[in-house]
Structures are given as structure tokens and as C-alpha cells.
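Please go over the structures that come below.
You will see subunit A twice below: alongside subunit B first, and alongside subunit C after that.
This part shows the complex of A and B:
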């Protein structure tokens, strides 16, 4: 397969080359085979959905992509390079962000702080510079803050910016989790059951956000 | 001004100074608890170990000399050097970082995701191991620690108060120095945890491991960092207490004094550790001064615990702890 070839959809969007490629993935837990010989790819600018009944292995697949599980067989290619077995935090640093089925937020922190943690991978200023708040650190913090505020505006959660996450209702928590993932400006965004447990309006909102993200290629 | 009131003021000031030293030990607990949810029983022993190592390095003691002599039949004791305090402190910091790495590597790496009580038991084991290991490495005799800190009565305070009250306060220079160091340390730690990316990552790890991984934080790195910082705080506490009362086994028991401080201030709050330390320090000194004579003294042994229990009844999360709201 040629990585650079894309195609144009019926509504005129350009789909780019392959970003992520999973080849013959097999994942076992002891005697249980969760995923058996699955192959698929994800292209730039497209939404790839994995559907199936409970226990089909959807989350397991996502966990393989994000490095939380290491498959027994098969190969993972990210941006054309074969990926060795890596730790989840290394995957995140490569530009793959994710949300969790059962929300994993920093409950003790405010919404803004949670979103700011999404920028951790992008921060390079030294500890000394950060401590005295001069030069690179100051500039970096301002830039990161700007990006986070843009994400917060986009997801329409300005009004709860300073609220501790633990006080938010379920639907908003899901949204904050998406915000944190977006703040890292990921190359690939993994959403595990983004609408589970939501009411109709919340689902419509979430669909709208995902659709707008796809149309703008994540450029907010 | 009545004499009793003047004496009480002196007692109050001395209590504040003692409180600072309690707070220093409590700080080490809070740091590790915040980042990893581990209640580190070994914090007191770490302070003892750090102080022993500092003395050993400065005096040029040969580590494990008793063991080496017993096995090889040699008679080595000293390298024969005396290092300046600064070099000794820097070397000890390096040793504490290596220790942090070993603790993470050998013990806690294998206990990720275990129940808090199991992690707690592991730190008890660590405490007793380090106690024996420290004795084996540096010998168990009482050592004198002198890194050139000012000691003895502060004459300026003595004179000034004498001119005002006709009674000179006895305030130890070492206590004043410890207070300044503690203030700097706390300021540094607060800036670190609130405003640096490592601090933010540390808070993230404390809150949710999975989520921290998903935003690119290496748990291993953060834990080694936190144990190193706790080791450094232990060293500072060890220097202060060691200078005051000699480097000896009882140093490790100051950890027990930190417990009521933590109950009072909350296990998760750095400012709480400081204020808790001050309240305990002042409280027990004033209580001993006022009520002590009426009931035969020695109240300092138990007052802190009773005070902490009283606070627990009304505020289970401590004065500064994060409020626990359980939704039903």
C-alpha cells in the first residue's frame, strides 16, 4: 500500500495517507484470546470507528494502539515506522492522545489544570527556568495556556474552567477528558466509548464536536 | 507586664521553633503521600540514615568497616580525610538520590496498583532494613554532627528582650536558622509543585495513574523524583536534629512526632504540614508550661496525640486536607 495516496470523499474532503497501521494483531490474556488476527489502518483526516457487542475487544484494541497492552503477535506501524513494544507514556509523547471508557481525570484539579496536563508532553523548559519564571518557561506557559483556552472555548466549557473536576456531572467530565486529549494537539485521537451513558443532548453535542474536529483536522 | 506572661511569650517562641522542626519531618511524609499514596513509615529512618551518611562522609569513615574487618581480618576505619560540610552535603544528596532509585527499582516498581496497606507494610520493612543497614554501614555509636551551623543563645534577642521586659529570652541560633531553612524549603516545594511541569506531572500521578500515563507522564521517573526530594527533606531534617541532639537511633523516632502533625494538617497539604507542625510545637510547649505543673509534668509526650485526636473528631481530613465527599 502506498502511504501517500489519499482520496476525496463525496462531500469533498481530502483523506490523506495512512497514519497508523495495525497488522495481524493478536492479544491474549492467559488462555483468553481478546483480539485475533485483526488488520486495519487509520488515515489522516478520517474517522475510524470500531463497533461490536460487549466483550468484542474494542477497548482492548484501543489499549493496544495506545500502548497500554502489548499484543502477543502482529505489528504496529505509526507514521510509517514500525513501533517496538513501548510504554503508554511514550506513545502519548509520540502524539497519540486518548480518552477512557471509565473516565480517568485528575479529580482533585480544576478543569483548566486538567486540560493543561495535556500540554505536558510539549513542555521543554528546564526546571531552573521554570522555577524563576523567566525566558523560555514564561513564553512556553503563555503559549500552552492559549492553546488550552482555545480547546476550552471550542468544547464550550468556559464557564467551568476553575471548577474542580470532582464536582462535575458525568457528561461534562467526558467533555473535559476530550479537552485534555485535544490540548496535546495529537496526530491521532482515540476515543473509547465517547458517548456511553450520555443523554440525547449530550450525545448530539459530542457528535457535533467530533464532526467539527474532523472537518478542521484538529486545527481549532 | 506580669512575669508569667513574659515567660509564656518565650515558651511560645521556642514552641514555634520546635514546631518548624516537626514540620520538616512531616513535609517528607506529605510529599510521598501526595505523589504515590504511600504512607512512608521509613521517613524518620531516612532522616537518620541521611545524617549518619553525612557524618560518615565528612569524617572519612570507611563504610561497612566492621564487616570488612570481620571478613578480611583487616583494620580499616578511616580514609583519613575531613571534608568540608558543603562537599559532604552534596555527596549525601547524591547518595539519597541513588537510594531513591534503588527503593523504586527494588520495591515499589513491583507493587504498582497494590492496596495502600501493602505499600505501607513495604515501607515498614524498608524502615527496619535501613535502620540495620545504616548501622552496618556507619556503626551504631552516637555521632556528633557539625556542619558549621550557628548554635547557642542568640545574644541580640536576649539583649533586646532584656531591655523591653527586664528578662532576656533564650532563643537558640540553630532554631532560628532551621526556621529560615524550612521557610525556603517550603517556598521552593510549593513553587515546584504548582508552577513547574514536573510538579504538575507529580500532582497528576498522585491523582490518577492511568490518566497520567495517557498524557505522557512516566510514573517511574516521577516516583524516583519524589523519593529523591523526600530524601533531601530527610537530610535537611537530619542535619537540624542531628546538630541539636547528636546523630543517634532516637532520631528515627521523630517520625512518630510527625504523625500528629500530619493528622492535624492533613496528609495531602504542604502548608498543612507547616501549620500543623507549628500548632503542635507551640501547643505542647504552652500546655507543659501552663497545665504541666498542675498534673505533674511530662505532658509533651502525649499532648500532641490528644490534640490530633480532638481535631480528627471534628475534621477527619485534617485542617487543610482535601475534603472527602462521597456521593451516594
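This part shows the complex of A and C:
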């Protein structure tokens, strides 16, 4: 496997070097082997699909990538560096964002607030500054809000910006989850069953967003 | 008008008005648009700068005087500014309906030979690229929103920003060219070309001169005292004459601010945030808003519902009179004031209509109940009557003389007469120059003296001088027994029920009338939800026995009301069916302004009409439908045909 060279696809897209590499991953829960000796890589600018029947270990694999599970065997390389066992929030800081198969949003909060949580890893203002809303906290909020607004514009969810998530239909919740993941400006985006339970129209929309994201390499 | 003192005589074109406004109003807001969650403002001077840069950029691209430039997209300040810039460069803007499918666009773009296109986004760019091989005159396209266009072939594509940038950096040559072209504009130069929606046949390109637009703007701004401090929300299609007059003509003349919503879905929020003082909506929008209010009131708690009903009942009695400044008892006024605190005020605020000083509705007849509802809340909603060929205004209602059944008195400067066969003719400063490349139609519509046939039948009320419109002259005909057949009269009555979105009545030359009904999905869907009726599709809901029962009761109520009118008693609906699909502009059944195309519907659903007349109780049918992206599909259904009770004229007389 060559790590550095990219290639050009039939339709003229340039695929860059390897971003993430999984080598001989094996994951066991007690006596059950969920993943056995899996090796694959993910390159810049490409969509890598993991497919399989129920219980094949797709979600487990994503959980390994995002650092939820630590595999018993094998190595994970992120941007050329071997990754030691890490906490999920550290993975998030490294630039990996994900969505969940069973939507994991803050139901009582508005869409905008949910999307803003995607920016939390980038915020450094202290609790006091946040509480009195002066200086750094205010400036940070404005900067981060702008990034979130770009995501909201991209995903065409302006009309539900202030709506509590609990009031949204399933398809839109999925889109809000994607928005939150995008707000963190990830290098690697993990989508766990992004279209499960959607109708045709919602699926078409979601495919369009994913495709456009890839075409623009995440530059909204 | 004070602000127009500055050499008012030289105000002969939109660019001249823009320059005047940039001098007189400078930093005050000309346009606003919500983007990324914040209202962004264009001052008059910024608007002028952008228009100049864009005009120069267009000259660099090779635009020539007399060229046509199509504008495709939703209402955005940049697109309004481009219309002025195009005129500066000596060309003519041709705004298009943004939801037209590629085929429809092809006809119009080929007809006017548009050399340039300004497109809002990828969707519009795609449509033009799809048909470009059939557009020999097409040369360059400018896009506003570049999302998704990165990998496109950019030999004919330019971003709006880059064209403006090129214009800014252009040399002296282009600048003097621009100056010459702008100076060459006169009152008779073409200001804009707008295509009629085409209720019958192909759309026609209506050429309107600067004089048409500016004279109309001048008189109508005076009529309603529109000022620089007014605010409007521009959300109706840019291709429609109304939007051009309100958002360009009147806005440029009086200097008020045009606000563009963030997207079609956010309109209600944006309306609330802006609080327009001058508002226009076709009856359909008011109907939908009212349906929405009623649905939400049905879902509300018992106390709130009671409060709403109680005060709305009071408003119905006195609200309109208070608005018209008529005498109303002191107690009633106090009660109305309380109602305003508890119901009317908050409701108007929710609808975004709190600050409306002048509101208009036109395009079709509005239901008297709907019209009264808004007026009783204290919203100064009025009616006007007009058409593209007249630069909108033919008649309008002055404050204090507002009624549901008339369309008002002739607008200042407009002469109206009724011909012997009842058709309305007018002559006005706004009368169009010609139909582009269509002298026959021009001659048919406009006589050498300048009188224009509207195609509508109407009469003046003797005591008030108000004009009343009966129906489209072409639609009014006779039934087999010789009695009058006025389908729209009956259809409007049917449409006033929230459950009925659209209806088409047939009966010309027949012995009795039959009707197609379209249910309103939001109203009927909500009713189904409250009554635990499950449905999986529009079609299933439309065919539900209980829905048919409800519709039948509506039809029978309408029959009873129609029967009271001696002249039109023959128009009672004997049999009807509920259509399995919504009538749609994409399928050619409605115009882009959502008017029914009777003839096309009659041809397309001939089998259904036959079934309505041959007495069968159900019919199987297959219909071709067009999806929004232009693909075609087929839907089939078995429709139930219902008989409705009709009333005999003699019985009513006996009662």
C-alpha cells in the first residue's frame, strides 16, 4: 500500500494521500469477536463505504475509528502517526467528526445550539468569561456562530434554526446531526447509516449533500 | 414630493433614479437580505456602486445595446441591482419564473434571443445548460451562488463577484461606453420585458418602457402616500409585473427599502422580523395564512379557542368600520381595544402584519370572509385590479372605500370604459408598448388610439363608481338552455372553504354543471389527524369516503348559495369528483401565477369529464405527471364520482 501517492478517478477527481489507516484490527467483546483482522485505509477526497448485513460490525468499526472502542489487536494510523488508545474527545479535537445511527442530539435545545456544540472543542474561554459574556467568550461565540451559519446555509436548514430538535421529523434530525459534525470542520467525517429510515426524497437530499461536500472537500 | 425635487424632469430611467437616490438618500437602506442568519444591508450608494461595476463588467463581456438578459432566481438584492445594471449597459432585463422547468424556459429564452443569463444558483445554471444547444443566441452566464459549480466548464460561466471585479478594474474605454449608453436612455427606451403567464397558449413578451414604469410608480406612490420610510418584503416571483412595480418601480421612485427573505421556507419568520408597512399578496397567500391560523386554533386549548372566537366575533362586527373611520359606539371601541390586546395584536404580530399601513391583494377574487377577516383585525387590506399590459394598475380602492366585491375606482391617469359586450377596456400611461415579435397580438389587444382590451367582463356600479369584475370574458358562455355559465364565480365560492384548494367547473354548452375538486392537504390532513384517520398519500386522503362526504356538503352549500342568484342558478354543480393529484404548473395545468388553465385541463382529463356526464359512479384513470426536476411519471387511480343535491329555483322562490 503506498501512503503518499494519490490518484485521479474516472470522473476527474483527485484523490489524495492516506488520511487514516486501519491495520489488522481485531475487536472482541468477551468471547464474541466483533471484528476480525480488518485492514483498510481512507484517502483524502474519497468516500469509503463500509457495507455489510446486520451485526457485521459496521458500527463497531466506526467506534474503533472514532476512539470509542480500543481494539485488542491491530494498529490505527491517523495522518501517518500511530494513534495510542485515546479518549473520544481527543479524537474529536484531532479532526474526526461523526454522526450516530440512533440520533444523538440534545432534544430540548434548538437546532442552532445543537450545531454550536460541534464547535465546543474549539472554544477556550473560561467558565467565568462564558458566564458574564464579556471579552473572549463573546468574540469566540461570534466567530463560531459564523461557521455554524455557513453549515446551516449549506444544509438548507435556515427555516428551523430556532426550532427545538424534539419537534423535528426524523429526516431533519439526521440533517442536524450532520450539521453538528460539519461544524467542527472535520478532516474525516464518519457517517453511521446516514440514510437509515429516510424516504426517497430525504435520501436524495442527503446524497446530494454528501456528494457536494466531497466535491468541495469540506470547504463550505 | 420633496425628495424628487432634484431635477425630477430628468428622471427618465431606472439608472437615473438610482443615481438620484444615491445622492439624496446615500447611506439609508435600499435593500436588505438575510444571509447567514443576519440581515445584510445595501445602502443606496452601495447599490449604485455595484450596479456600475456590474454594468462595466457586462460591457467587458461584450453586451450590446438592445440585447436581452434573462434573470433567473429567487428575490435577491443582487438580482434587483443587476436589472438596473443591465439597463445602464443599454440592454433589457427579462426576469423569469424561477420554478419554470427547462422546456418552458427554452421557449422564452429562444423567443427573446437572450444573449446573457444571470442565474441565482446551480439549479438555474443546470436548467440553462440543459437547453443551451437550442439557444443559438446564448453566449455567457453569470451566477450568484457558486455552490456545486466548482467542476463546471467555466468557459461560458462567470461568478457575479468576478464580473463586478472586472468591471471595477475596467479601463477608460468601457467607462465612457457606459456613460454614453446611460445617457442614451430616454423615457421611451425599453425598461423591462416581462412574459405573461399565458392562461391560454404561449407566453407573450410584454415590452414596457421607462415611461410606463416610472409614470405608474409616480401616480401610485402618491395615491397611497408611499414614502422613503416604508418597508416591503419582496417574495413574489421576480418575473411577475407586480414585483417589478413594487420592488423596482415604486421602490426606486420613493426610495423605500426592499427586504429579501433568506429562503422560501423562512418567509414567515422574516416577515415577522421586518414588519413591512406596505404589503402585497395574492388571495392564495391570505387563504393559506388564514387556513393555518384556523388549524392552529383548532389545536389550541379550550380557553384560548374561546377567547379567539369571542373577540373575532366582535371584530367581524366593528373591526372594518373602525378601520374605515366610521362611527362606532364607545363600548364597542373599548371591547375592540381589549380584543386588540388579547387577540388581534398578537395575531397580527405572528403573521408579520403588525405594521402594515397599505396592503393589497389582486390577481383573483378573494373570498369575502377572508377579506373581512384581515380587515377586521385592523389591517388596511385593499383590492386592486390590473394586468402586466397595464404595468399593473387599472383600478384600485382608495382608503375608506374598501369592499370585498369591487376592485375600486380607476387609478389616477387611467381611463376605463366598458364595451357593449361588457368587456373592460383601459387606456393609461402604463399601457405597454407592444408584444415582442408579435404585431398581430399587439394589434388585437391594443387599438390605434391606445385602448387595451383586458379580456375580463365587468361593470361600473352606478352609485359608487367602483368597478366590479364578473369573470374572464372568454370563460363566460352559455349552457345548452341558454342560461349564463360563469365558472369562476362558482369556483371561487368553492375555494373559499379551507378544505378546497382548487376547483374547476365545466358546463359550457351542456345541460348541467360538473366539477373537479382539489383538496387542501394541510387543512384536510390536519382534520384527518384530529379524527384519527390514517392515510399514506395525497391520493389516499383525497379518495377517503369521509373526505368525499365533507366535500359533498361544501358543494351542496355552494349550490344553495348559487341558486339564490337568478342569473346563475344554472351553474349549480350536479356531480363532482375529487382529483387524485394536485393541479400543478409543472404539468401545465396552472400558470406559474397559479391560475387555472381550463382548456388544457379539459383536454387532459377528458375521460373524467365524460364519466361525470355519463352517470357512472367511478372511473379508472392514468395521468402523466412531471416531477420538479423535469422527469415524468404516471399515476393511476380509481376515482369516485358523487352526486350533489341541487336546488330548484322555484322551490327557493316558494320559501
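Operating definition for what follows: the second predicted complex is superposed on the first by the 207 of 220 C-alpha atoms of A that agree within 3 Å, B and C clash if a C-alpha of one lies under 4 Å from a C-alpha of the other, contacts with A are read in each partner's own complex, and residues count from 1 in each chain.
Rule of thumb we're sticking to: a contact is a pair of C-beta atoms (placed from the backbone, for glycine too) under 8 Å apart; a residue touches a chain by one contact, two chains touch by 3 or more.
Owing to the predicted nature of the structure, the values given are computational and were not obtained by experimental measurement.
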Determine, for the superposed arrangement built on subunit A, whether subunit B and subunit C clash or fit.
-> fit
Name the contact category of A:72: first (subunit B only), second (subunit C only), both, or neither.
-> neither
Counting only touches as set out at the top, which of subunit B and subunit C does A:14 meet: first, second, both, neither?
-> neither
Is A:146 in contact with subunit B, with subunit C, with both, or with neither (first, second, both, neither)?
-> second
Report the partner of subunit A that touches more of its residues: subunit B or subunit C.
-> B
In the superposed arrangement, does A:24 touch subunit B (first), subunit C (second), both or neither?
-> neither
Pick one for A:215: touches subunit B only (first), subunit C only (second), both, or neither.
-> second
Kindly classify A:154 by the partners it touches after superposition: subunit B alone (first), subunit C alone (second), both, or neither?
-> second
For the superposed model, what is the least distance in angstrom between any CA atom of subunit B and any CA atom of subunit C?
-> 13
Both partners, subunit B and subunit C, contact subunit A at residues none
Subunit A contacts subunit C in the complex at 12, 112, 145-146, 149-150, 152-154, 156, 158-159, 161-162, 212, 215-216
In the complex, the residues of subunit B that touch subunit A are 188, 191-192, 195-198, 200-201, 203-204, 206-208, 210-219, 322, 325
Complex interface listing, subunit C residues touching subunit A | 35-38, 147-148, 150-151, 262-263, 265-266, 269
Provide the residue numbers of subunit A that touch subunit B in the complex, in ascending order.
-> 66, 68, 87-90, 92-93, 97-98, 100, 104-109, 113, 116-118, 120-121, 123, 125, 127, 130-131, 133, 166, 180-181, 184
